[in-house]
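To start, the structure under review is shown below, and the notes come after it.
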Amino acid sequence: MCDNANPYVPYMATIEDTWYETLGDRCVKTFKVTLDDAAARDCWSHKPGQCAMVGLLGVGESMFCISCSPTEGDFLRFSIMRAGKNTQALHEQEIGDKITVRGPYGNNFPMDDWKGKHIITIGGGIGQAPLRPIVEYVKANLDQYAGLTMIYGARTSGDLCFKGEFEDMSKRDDLSCHMTIDLEEEGWNYNVGFVPTMLMDVNPSPENAIAITCGPPIMIRFVLENLKKLNFADEQIYTTLENRMKCGFGKCGRCNVGSLYVCKDGPVFSYATLKDVPEAFA
Amino acid sequence: MDSMKLSKDKLNSFVAILAEQKQLYMPQAEGETLKYSPVNAKVQPDLVFSNTAVPAKSVVFPQVETLFRYEVEKTDIKMPAGEEERVLLGVRPCDARAMSIVDNLFSWDVDDPYYLGKREKTIVVGLACQKPGVNCFCSSVGGGPASTEGLDVLLTDLGESFLVKPLTEKGEKLCQAAGEIFEEASSDDLNSAEKLHQEAAALISRSIETGGIPEKLPGLWESGIWKEVSNACLGCGICTFLCPTCHCFDIQDEIEGFEGRRCRMWDSCMFGEYTLHTSGHNPRPTRRERTRNRINHKYNYFVQKFDVIACVGCGRCISSCPVNIDIIEILQQVKEAQ
Amino acid sequence: MSEQFQPNVVAFLCNWCSYAGADLAGTSRIKYPHNLNVIRVMCSGRVNPLFVINAFQQGADGVLISGCHPGDCHYMEGNFYARRRFSLMNELLEYVGVEPGRFNMSWVSASEGAKWKDVVAGVVEKAKEAGPFDQFRRNKINW
Amino acid sequence: MVDLEKMRTIAKETVSRDDVRYLIGWRQGTYGFRVSPHFMKGPEEAEKLIFSPLCSNNLATYLTLTEKLPVPRGEQPDSRKIAVMVKGCDSRAVVQQLIEKGIERERVFVIGCPCEGVLDLKKVEEKFPGILSPVEVEWSGDKIIFTLPDGVKEVPKGEVLAKKCLSCRYPNPVMSDITLWDEVKSLGDGNYEDVKEMEEKNPQEKWSFWKDKFSSCIRCYSCRNVCPMCYCEDCVLDRLNPQWINRSANISENSAFQLARAFHLAGRCIECGECERVCPVDIPLMALNRKLAKEVREQYEFEPGLDPESKPFQSSYRPNDKEDFIL
Amino acid sequence: MNNKPKIGVYVCHCGVNISKMVDVDAVTEFASHLPNVKVVRNYSYMCSDPGQLLMREDIKNEGLNRVVVASCSPRMHEMTFRKTLAAAGLNPYFLEMANIREQCSWVHEDREDATGKAKKIVSSAVAKVRLLEALYESEVNVEPATLIIGAGIAGIQAALDIANAGFKVYLVEKSPSVGGKMSQLDKTFPTLDCSACILTPKMVDVAAHPNIELMTYSKVEEITGYVGNFQVKVRKKARYVDMDKCTSCGVCAEECRLAGRIPSEFNENMGKRSAIYLPFPQAVPAKYTIDPERCLFLTRGKCGKSPKCVDACLAGAVNFEQQDEIAEFKVGTVIVATGYDVFDAAKKPEYGYAEYENVITGLELERLVSASGPTGGDILIGKGENAFVPKEIAFIKCVGSRDKSVGNEYCSRVCCMYTAKLAHLVGEKIPDANVRVYYMDVRAFGKGFEEFYDRVRREGVRYIRGNPSEIFKRGDKLVVKVEDTLTATPLEDEVDLVVLAVGLEPRKDVREVIDLLRLSQSSDKFFLEAHPKLAPVDTATDGVFLAGCAQGPKDIPDTVAQAKGAASSALVLLSSGKVKIGAQISFVNEATCRGCGYCVDICPYGAIELVEINRMGNILSVARVNDALCKGCGACAAGCLSGSVQQRSFMDRQILPQIAVLGVMR
């Protein structure tokens, strides 16, 4: 019964584990959840880049990208920034609490098509959440890809998500990992500077490479510019969009950019597709 | 099944039969506004030609609709009761056509169980228009005063009687159920109906040649006309709430005591919050972008996706817009723009 | 209805006068009906007129706002604003057909325990007379 | 007397000024009796300007409706004036906006148009149904002259004028930088007969009237959007946290919304009647607004939108405000 | 971090006070099913040490982060339990009290009803506590200085006390000299000390004190800021006389072209002065001042060939180039001691004050009996040749006091006694005078007052109970028309002099001070104290105190006592150096504020102002709350249409769930 008859009805899920990625007003908390229903678990299959509607009965639901790769195990992870009504309520939930999940929605990063290529992720702030599954996926199948370069930045070291993981990865010599923050900080041993600048410093070759970027709009704008300077072709550049959405499967309107529905045709888009789509970077 | 005739003095009984079998919806005046409301068998039917303020979409896509219910702090989800069979009587062809257009969206890729559930259980009995409104321009967008798209039965007012034309299996069944009260229609009746249809079409005074517009719109993305045509817009959303093809909705949870429900309700792309991100960023920050989206959605995006213009020319958005933002005028400007 | 209708009144009391007056009624062991429940605010001026509408929506059969007598406001002016706001709210509610007596406002000082009792008794009585409020109670409409 | 030539000349002069960004006036609409706001950027657009009994729109709304887009770094926000044409009631909206600091005096240029009353389109369209081609309409004493496709028709004012105008006390702008023509006599004394009539009814009658009206509200919020006083960045009616009013449209939420809106306009509503005019389901919103306006005027001797220096009604009090309703 | 609320509900039996009428067990059981409730306990006395210990342990062991105590009124024990929370390391504002005693068990008679109500009260508290936020009290430093406005006896006394305690005082006086009304008095009741003799030394002290910066002939132009941190701007008006050079010899005044032609304010316009003048001989500072409104040079630009004063002054002190100076400084507290005005007797035309020269006010008589007065201490009525010594003298009391027709309902408190005093002094000066006093009541409430009143009567002053209706002239006599209400006989009393015992009124220029500090007035239009009994020297504005007649009519002993009270209140703040700021105050959501300023108008404490912010390049004005001024009434929050200003702990989103619970639970 994998074809869920009513797409509006969520699965119940239990929070297995939670922790804070960042602190402060707009802190990010990661939730590791499993679906309660065994049948639902069997049916559920997501790919890097896909999202899900996570919510609470009585509060509402919001779209989040699934920030883990299916290669990590039979669970889901969401890294959620506290921003408004739903996310605030979600942040209050703790291990053992029930939340609702429906999905997975949207397309995914074409991990298969990218096999044999050098994968470059360029993330900023909470924008690393959709990129993390790529990283994990490639890490798990490192032999199938030509390499993995990660560039990740945030305003301060306190705003970096998944910092521990990055620290571990930067110790590995089979990965190229670059962490940066906007301004100098005491005890910070990695790079300082904006992500787009970092990109130029890392200077990745476009040869057989794919660059995926996600972050605040202004960062994306400059990263795209710089990727062009580095001679990346439009088809080699990917990003994910996060327009407001309510249903997740192309009914409620609102998430469209031009004639594309982010929830169905996205959220993953290649720059080749997006560059001519009005509103894509609005 | 062939067309039949329903004498006007039998209209009462026809309505009573329908109302007994199914939930009957008819245009009813609520205060000074006409909208489709459920009626009982005793209603005095009054099939008038003036368009309802709220389109017939409200019957299959109600302004508020419960998706499911639950108890606060509990985990089981209770589905609303199944849909009842219903008949929609006196629908204007444009409204019916709108439903068939919206069907595309709600059955695209993922079926929408609520809409389609209602749609399937609804028999649409239309009434051919004879007195088009000032702002009707259905014939410009592929419809007409006697268009049958989306209808199960079409009635034509012949004066003393209605010509009843079943159009679908559902429609035929409905007519059969009414049985006796119909008379046979003569070929004269058919001819005069045809004539009335043509006369009505001729009465439509507003029009716009829509050919080429979908193709032209993408090129006008940055054009000055959007600012021009949206200056006066209030962002009120009347044009979309009352549009029979507008189908956007919001989803909200509502709590009453210890029970809650998740429901959906009409939303409008003319509202600022529609696309507003929690961060405060809004990809469509002003009425200019919203107006542009409204027109593009109807005349460009929908065409790209489903190959049909998502506008049926009912003229409601023109008549109801408080500041005379006139979609025909906008389309005219689109055509003229360089 | 064989059982007598027990109304549900929501009251907003300022901390310094009316809440203290209600406390005094308590310390003086003055008895009054149980149908009124209190939400404490610092000043009657804090009561947003929309609270009243909301209370009716949420199931109150009556609403009471109570504060210090004019001139006695702990914050000097708060009750003057409250008076102006609720005088209008009162007019508005009556105008749309909310029975008079459902919405009430009173001045009860910290020393008026006895008056508090009278106010409660009066307000509850009026709500009883008016019966259950269902004009625009939420009550799962169209669920 | 309306002098369109003068209106256009002044409009031309005004938009040509360096310190004026654009001018908002009225122009003939796209069909029948409709009129549309005219945003005039240059003198060449002056010919489209009109002023007639059809010009109901309160253009002051646009002074606060215009979105403030982010200003690119290094640029200055456009601080030029916006010129706006106002009738008597509209001018009160401008004054009230000044009182509430919604606009700054030096950012507006107010062109006053003394007004002999505007028409109620519903009445007009009932009288002359199905008219498509734009119609010219003029005042003429106590008559309105319609130049219809099938000839000129004279109609007594009383039959077609908007209700608010029949009792309007401020037909002349109460504030303007320039007034286009001679002042006109006020048509009414602003009595509240209709309100009093409703007040007479018993609660059941009142509610059955309002229940009917409130339940047909589709919650499009046009009434709010068109209101020159409703320009909150984030209206409480839309807010999700806390959620004062649920989104769903039913008698409970609709009533709460209606009462909240009316209350928010107490002592602020300048009775331009726009909210009622735009309501697509014909809810008599003015009856609510006027009720409160009546109380504010009769009991507090206060009228909004008259004196830019005055304190807003809702943020002031008098020690001797009435309190006969208090226990 | 916002953790999921883990609520502990503690239901108190209060001995049997609660449990007798409320089924505590049922409430406990009920509360355990409420959302987010982790621990529910009941106990005989929650406020007792073991009761509090229970909570502290649960907070620590069960990880509770919110507490509801269902017991007595929050007015009783909110503080107690807040401390309990704090002691357990929890923010004290995560507490909500459910009052099931005063407003439940004690007032209901049916156990079932009372229990039902207790459940509702607890639910409502739970609904709110879930949404409470941690709050922090803050402190601000107090600038160790005080501004005193007005240098009458009140201001002088307060200044000396504070300065002696070692703090800086800025004493600002409007007129050219300190001293106020007291300096105009001759003797003071009831002891008949000479006013100048007791006042002058203090005036001199004030000028000489190292901690006092005296600014006479100055005006406070602006006060901004809040308790502990007031920013003050004072305009020191140009005197056109160099204070350092002037030796106070007075030659200039003698030489002045207008010498003897300008009515002297100090002498109630009875004597004359020059355009360059010393208000009175004992004036402090003893420096001359040029009256800019009268001086020929200053008004016309020309005074003969050259101004006589300039020529006359050997010290070269006259300087027409002098400009106003602005002094700016910071203070922690402010004392308002601006005094009073006497009632304008012309407002009672029936007494003919404006018409007849032999109708005078009490204050004028003070000047006439004073040795430093216009007549050198002789009671002479009329000018020059015609001046005469009155023999038949009538006093009329309560002129402008206790009189609704002129809008003064209050008693001026000093007129009874100063009438007695003046009657006595008249007797001293004119031994054969016949003095009678027309009165309504005699109020001799103070220490030694009754004795003094008695003495004056024994001296032969006649007290006649009656309120004169009219005074008119008959020949060269004045006729006082009155009914003796004790004997009910109408009288027409022929006299030579009528003295009106005028009452005390707020100063005509009081608006200036109101605008400076946003002070309120009581119904008598004097400044309103924070509480008539418990805070008579405080105002609604923290750090601002009242002294002397500015707060209401009073005599000198009371004035001095209150001045000392104000000084000590100011010293409390100054010496502790810090003031605490409440936590349950308001804040503005600048993202939604529409800058309408309603809240600014509404706030009784002037705690909100509109500030300009830059939102993505657009300059917008939005409201901002000054934490130090906000008292947390929440009036602003209810008045803000867009809900942009919210009061902490009483936010809309915290109250609405309470309403919901109370409404839904039937």
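Per-chain numbering from 1; labels A, B, C, D and E assigned in written order.
What we mean here is this: a contact is a pair of C-beta atoms (placed from the backbone, for glycine too) under 8 Å apart; a residue touches a chain by one contact, two chains touch by 3 or more.
All values derive from a computational prediction rather than experimental measurement.
The fewest steps needed to get from subunit B to subunit C, moving only between touching chains, is 1. Under the touch definition stated at the top, subunit C and subunit D share these contacting partners: B, E. Across the two candidate interfaces, A-D and B-D, the one carrying more C-beta contacts is B-D. Centre-to-centre separation of subunit A and subunit C, using mean CA positions: 52 Å.
One inter-chain figure worth recording: subunit B and subunit E are separated by 70 Å, centre to centre, where each centre is the mean of the chain's CA atoms. Our note on geometry: subunit A versus subunit B, Cα centroid distance of 39 Å, whole angstroms.
Each chain gets a centre from the mean of its Cα atoms; for subunit D and subunit E, those two points are 46 Å apart. Shown for subunit A are the residues that touch two or more other chains, namely 84, 88. Subunit B has residues 64, 72-73, 250, 252, 255-256 in contact with two or more other chains. Multi-chain contact residues of subunit E, defined as those touching 2 or more other chains: 591, 602, 639, 643, 652, 656, 660, 664. Under the touch rule stated earlier, the contacting chain pairs are A-B, A-D, A-E, B-C, B-D, B-E, C-D, C-E, D-E. By the touch criterion stated above, subunit D contacts subunit E in their complex at residues 68-73, 75, 77, 100-102, 231-236, 239, 241-242, 244, 264, 311-312, 314-316. Contact residues on subunit B toward subunit A in their complex (touch as defined above): 67-68, 70, 72-75, 77, 79, 105-106, 108-114, 218, 221, 247-253, 255, 260, 262, 264, 267, 269, 274-279, 281, 283-284, 289, 293, 296-297, 300-301, 304-305.
By the touch criterion stated above, subunit B contacts subunit E in their complex at residues 72-73, 255-258, 280. Taken together, the subunit A residues at the contact with subunit E in this complex read 20, 23, 27, 82, 88, 91-94, 97.
Residues 6, 8, 10, 15, 19-20, 22-23, 25-27, 29-32, 34, 37-43, 45-49, 51, 54-55, 57-60, 71, 74-78, 81-82, 85, 117 of subunit C touch subunit E in their complex.
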